[in-house]
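So, here come the structures, one by one.
Two complexes are shown next, each including chain A; its partner changes from chain B in the first to chain C in the second.
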Partner chain A sequence: MNLEKKVLGEVIALRMDGTRLDAGVAVAFKESVGTEISNGARHVILDLGAVEFMDSSGLGAIVALLKRIGRDGDLVLAGTRPAVRKLLQITRIDRILTQHATVDEAARALGAGPPAA
Partner chain B sequence: MDHNRSLPVSDSTSTARIGAGLSAMVVDDDPLMCELTCRLVQDCGFTVQGFTDPREALRAFGAAPTALVVTDWMMPAMDGIALIRALRQKPSGDMAYVILLTTRQDRDDIVAGRAAGADDFLGKLMTTQRLPAHLQSAARILALHRRLTERNAALVKAMGALQQAYDRAQADLAIAAQAQRRNLPPSYATLPTLRIGAVFIPSAIVSGDTYGYGPVGRDEAYVFAADVAGHGVPAAFQSVTLNRMVRPDITTGLRQPGFSPAAILAELNARFATEADSDDPYFTMILMRLGQEDHLDLALAGHPPPLLTRVGDAPTHVDLTGFPVGMLPEATYEDVSLEFRAGDRLAVYSDGVIDCTNRDDVPFGEERLADLLDAVRDQTVEHATDHIRHHLMSWAGGRALADDVSLLLIERTAR
Partner chain C sequence: MSAAPSPLPEDIKLRLSIRSDIGRAQSELTGLRTLILELLGEDRGEPFALACSEAVNNAILHAHRGNAALTVEVEVKASAARVDVSVCDVGPPFDLGGRIAAQADTPYAELDTDMLPESGLGLFLIKQGSDETHYERIGDRNCLVLIRYRGR
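Up next is the complex of A and B:
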């Protein structure tokens, strides 16, 4: 599991490079994103454009991160694919977690500055 | 001819200790050359035996471990090439470092020597000046070899210990799995108003999936299924706790005819969801109550929407969503009432059923499940359940499942 990080002013976008966000990678995923939050990230876009499958462990990781960033920040999803959207819908997590079609759209919504070098 | 004790050991040179702890064998048909070479080898710290007859050397080799062999090429009884070939055939013969002494050093000779198994060559005339340097590289390679061998042995030993620990853990898991199965209700049951069959295939011997059912008073029944997030031991532990909790003796709401499934999910959520630790395991769940009326009440908490097969209709998904239990303290749940008449069936399943992949990595999927339920609709609940179980197992193709598979087939019986 690898996260590709893009800094867009105050906003960071983290792209999950694997096609599965499941029990095998959920802990590593949560720790990697958690490190960014510990280092001060408050506006985080999780780019799940490559993720074709997510299970309950992946969902648990995302909700734990959402709770962790709390009221002082934002954590949104971008590029979610049908299977992931469906899981978010069945579990109603789509009601507490904002999704955007693309990272750019998410970045605009979060009021990101111009991309840093 | 044994030179071990007859020759004094010199430690005056820088190479004096390189062969310490290593045994060597010198083979030369010329007794004087043999003795000279022995002395050179011994001066480097090796424990040396000299042989003028290669056949004797061959017999002695292997009687005690020999790290180094220095042998002449041209010998009447058996030449150096034949000796090396024979040595290499002996047990641990591939471990010795062999230096071939020769007056002939053209390319073909070296190729022949290498092919027989010689590690190094030395012109016989240069023996005195150069042998210590060659012994030095021999000793270095032998030391490296020995370190690798020791490390290898340590690894093999550690592997053995790991294997033992693994076997013990597997045995413990098998016992835990048995206990977990005993905790589940029987695979087929008749309850007030319904007949039920259960498919249960755990992914890692122990499972995060659980289910239960029982009567409520005289005329009603409750059924629940749950899937604790994650798999393996932690999920199984939580699922056993949950299974013990969702019973009429603990969750007293289940004793009341006409109870609200949503109220019980809310009660469980209050118990499991705490803001303090966001890492608490959560679970998806479905809970229903079946009374004498022609409907059932159910509440859904993030579990896959069940498939309803009404008499005369194709299986359809019950379009429901709900927050999982134990994830968000503020979550609320609703009861939904579904028409459910005699002969109607409801299939409740965990996501492991639709995510179960075949050899080509194709997930079983909702459509295939709906088709399967349609195909078995005229069979009894028992036969239909068995059919579904076999079908899912053959879909998985005997491979270990990535997630737990559980499915309950519930049929309303005629009053």
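Up next is the complex of A and C:
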């Protein structure tokens, strides 16, 4: 499980490279994103464009990160595919967790500056 | 529009013996999901594939406590009417059927972020993604059968 990081001013976008955010990778995913939050990231886009399948462990990791960033920042999703959107709907977490179609759209919504050189 | 389910022979059976290693098990669950999507199509198959993954992960993490010496036995039966997936472990007796039936309609009724649950969603997803579930203690095994009807 690897995360590709893109800095957009005050916003960072983290793209997961695997096709599954499941019980096998959820802990590593939570730790990797959590490290970015510990290092000061407060406006985070999780780019799930490659993720075809997410289970309860993956969703639990995202919920934990959402709680961790708290009211001092934002954690939003971008590029979610149908199976992931369905999971968010079934659990009704979609009422709480903001989704955007693309990273660019999410970045604009979070007021991102231009990409870092 | 989702892909239509593929035509089925009258009865298909598949048996998987999945070692209780949560990392390695996911590749086998990927194959199980592919089969279920072929049998049921995306609309009905995707929630069911998720339910089956949750059942296997529960067996590995909670019944077997990640003991890689133990295996979870999975059997898939398919007919023109429905797909049955049984998931059996050798953990201690557990009222899995009662726990699934008791799941609320939504785990995220709470809108306060601080109060959101980070775990315990698996049984909810098993209930939501299956048309029926049956739990049985057979000898030293817990067996959960998840059923999804085709074209309901």
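Just so it is clear, the second predicted complex is superposed on the first by the 117 of 117 C-alpha atoms of A that agree within 3 Å, B and C clash if a C-alpha of one lies under 4 Å from a C-alpha of the other, contacts with A are read in each partner's own complex, and residues count from 1 in each chain.
By our rule, a residue touches a chain if its C-beta (ideal position, glycine included) is under 8 Å from a C-beta of that chain, and two chains touch if they have at least 3 such contacts.
The model shown is predicted, which means the values in this text are computed figures rather than measured ones.
With chain A as the common reference, the superposed partners chain B and chain C clash. Of the two partner chains, neither chain B nor chain C is touched by A:Arg108. Touch criterion met: A:Phe53 reaches chain B and chain C at once.
Of the two partner chains placed around the shared chain by superposition, chain B is the only one that A:Arg68 touches, whereas chain C remains out of contact.
Once chain A of one complex is fitted onto chain A of the other, the partner contacts of A:Pro82 are limited to chain C, with no touch recorded for chain B.
Of the two partners, chain B and chain C, it is C that touches more residues of chain A. Touched by chain B in one complex and by chain C in the other are residues 22-23, 53, 55-57, 59-60, 63-64, 67, 90-93, 96 of chain A. Listing the residues of chain A that touch chain C in their complex gives 20, 22-25, 53, 55-57, 59-61, 63-64, 66-67, 70-71, 82-83, 86-87, 90-93, 95-96.
For chain B in complex with chain A, the touching residues are 227, 229-231, 275, 278-279, 281-282, 284, 302-305, 321-324, 327-328, 331, 351, 355, 402-403. If you check the complex, the residues on chain A that touch chain B are 22-23, 26, 53, 55-57, 59-60, 63-64, 67-68, 89-93, 96.
In the complex of the two chains, the chain C residues touching chain A come out as 22-26, 29-30, 33, 42, 46-47, 49-50, 53-54, 57, 61, 106-109, 111, 113-114, 116-119, 121-122, 124-125, 128-129.
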